[in-house]
Amino acid sequence: MSRPLALVAGAGGVLGGSLARQFSGSGYEVVGLRRADCDLADGDAVAQAIAALIERHGPVDTLLYNAGHLAVAPFLELEASALRECLEAGPVGAAHCARAVLPGMLAVGRGNLLFTGATASLRGSARFAAMATGKFALRGLVQSLAREFHPQGIHVAHVVLDGMLRGSVAASRYVAGEAPVMTPDGVAANFLWLAQQAPFAWTQELDLRTAWEKF
Amino acid sequence: MSRPLALVAGAGGVLGGSLARQFSGSGYEVVGLRRADCDLADGDAVAQAIAALIERHGPVDTLLYNAGHLAVAPFLELEASALRECLEAGPVGAAHCARAVLPGMLAVGRGNLLFTGATASLRGSARFAAMATGKFALRGLVQSLAREFHPQGIHVAHVVLDGMLRGSVAASRYVAGEAPVMTPDGVAANFLWLAQQAPFAWTQELDLRTAWEKF
Amino acid sequence: MSRPLALVAGAGGVLGGSLARQFSGSGYEVVGLRRADCDLADGDAVAQAIAALIERHGPVDTLLYNAGHLAVAPFLELEASALRECLEAGPVGAAHCARAVLPGMLAVGRGNLLFTGATASLRGSARFAAMATGKFALRGLVQSLAREFHPQGIHVAHVVLDGMLRGSVAASRYVAGEAPVMTPDGVAANFLWLAQQAPFAWTQELDLRTAWEKF
Amino acid sequence: MSRPLALVAGAGGVLGGSLARQFSGSGYEVVGLRRADCDLADGDAVAQAIAALIERHGPVDTLLYNAGHLAVAPFLELEASALRECLEAGPVGAAHCARAVLPGMLAVGRGNLLFTGATASLRGSARFAAMATGKFALRGLVQSLAREFHPQGIHVAHVVLDGMLRGSVAASRYVAGEAPVMTPDGVAANFLWLAQQAPFAWTQELDLRTAWEKF
């Protein structure tokens, strides 16, 4: 029997790597979609890239949408493109990917759409106006997809990373010294858990934190 | 003494009209920004239009950001432009307007940024993927602006209309018969209240509902 | 015409005083219920005390439930009675008061039930286990009352004070030097606003913060 | 090596049974605390019962707090004892159990405190005033415990069952015909997952729903 296909969008970072390894190690075939492969903000490009993947590997069982854009600055000093880039890496790219994989999932009545959120998905903050805009938007999209596609057998979940990842660009910029961070493998294991939850007891939103996160 | 200036962005609908009348009746000079005046998604156009208003009327005391886009359909049947239009009328236009009025407010250490939200600001729903994306995004932006600008004397608040407005386009499409709706004047009075709250007891988010709303 | 009656439960603190003055100054007859008058945890005592007030002053138009208990300590060091006292001053006393005033409100199809919450209504915190338990509980009660009694014409609202009150016992213990606090009069004005909102645009939960509150 | 000890409080229902089986099948020794064993509302009785269990079986590794009280009625028709029973089965019993197991966990710097919530933990509803009061209160307690004990190595999590369990008393009363319910085994598997999460990526609140839950 062929292995289920996991598609990692935003495969370039540390979490993308852990997700690929863990899903691969648990019986999935894993393919990645990187910025170099196609512009996530371009709906036609995403549709073509994913159609090509499906033609080669078969329908997607699990979408792991893990793209994001880092922009931290006082509101009046944000670069002109920051808000647009946060929206494109967030809800716009996510909607394009969901649209491309959903028909194949609906045809078999199963599948997983899993999206990576952040502290900024739940709370706005000074210096995080652009990121909170993008991450709130993604959460609103994911909740809407869950309500629409859960009854059709598609598990739609949002994973809120309320803290930083060891080895990430964000941690290298913003975490000082011995401050606690989450391990990418510890985080990735939870996406695998979500993909395997029993269908009559699905999680829609999962938060993950270090033991020291203030939340 | 000159009257404080209220700027209504998204002045065309029933709530825009009530806001203009009530602020005008309470001692404000009111100016409106309509789609015909400038494209809210175009940062340069918004900056120029608001600069022209400020040159003529003086600095803005209260921004009433009331624009929105209506798009209700199953996710896979949404028009290609629906998500973009919800984002442009939501966080993109709101950020452009905030950026244009904030310097004048910061110069005097006071002002109000008030934004109109909806049920879709708090919960995603089937058929509301585009609207929830735009409205969640606006809420994330507003929370971030509140955290950054409250300490500088600017009151930033989000008003969640958890129900439909009598006479609105949405009500004419989606409300049947005698179903309860909110009166635009009843709603607008709350924006005026927010603009007048004592500075050491500010509301960041205000919900408004008919007595029958399920919430 | 007789003046509407406002009943302040938990009338002893600084906010109780401001509420009494502001409602009195706006045309209400105001009566207070103090710990000395009756034990809020004793349903029969509350029922009798309020029945006596109603017999003398007529039915209650607006209940202002403002009681609370202060208990801040690490969980394993909380006094044995702390949790019980937070629950009694919170949801237990509130339910007893609501039960005593509701029949009179339902008879005329109008009235206001307004309850005072806190930061601990929205978020648990280390050292606040007892208070968060009581304040979360009160919020759950108030939401349920809102959903049940809004359609019958009773406005039920929860006011979240996300900060400390000038002159309060809590501020005298926990606020250092020039830290920002809310003025009791600034806060009380919002209860008056809630009691006067137009019936087709009611707020269910109102947050109040100083400009510097982190939220 | 001895097996870690799991203590199920509220062991009598369908979920208690599944939790016992699954933890037992995954290498835990499982003991149950039933209403017949001790009154959860009586702090001294709980302390003695758990001390006796610890003396016989060693320290508790994982507390599964699963007690609850079912009370559904219009607010003015609730039995006089309903609110008290919801609070006792909820936060009062939970605090007593947490207090009894925490010292042993702190001594070894690890352990899990897992608590069962419900839809009524997140939203009040008409006819659910007593249950929402108890379940909101439990959530406030659990959040506070998480913030206090996460940094000391204790994983504290709240599992929100947003739906009914197959075979439960609630389902037998309130679920008609073919309406979707969650399987107790599907739910219990998530408690096991929480007990095994990597320490630098802990979930504080997990929601579980059937595919058809409205949320």
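A, B, C and D are the chain letters, set down in written order, and residue numbers restart from 1 in every chain.
Criterion: a residue touches a chain if its C-beta (ideal position, glycine included) is under 8 Å from a C-beta of that chain, and two chains touch if they have at least 3 such contacts.
Remember, predicted model here, so these are calculated numbers, not experimental data.
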Steps needed, at minimum, to go from chain B to chain C via contacts: 1
Same or different residue numbers at the chain A/chain D copy interface, by half rule: same
Rounded Å distance, chain A centre to chain B centre (Cα mean): 30
Euclidean distance of C-alpha centroids - chain A vs chain C, Å: 42
Centroid distance [mean C-alpha coordinates] between chain D and chain A, Å: 30
For chain B, residues contacting two or more additional chains: 146-147
Interchain contacts (touch definition) - all pairs: A-B, A-D, B-C, C-D
Chain A residues touching chain D - in the complex, by the definition given at the top: 146-147, 150-151, 153, 155, 180-183, 185-187, 189-190, 193, 197-215
Residues of chain C defined as touching chain D within the complex: 43, 74-76, 80, 83-84, 87, 91-92, 95, 98-99, 102-103, 120-121, 123-129, 132-149
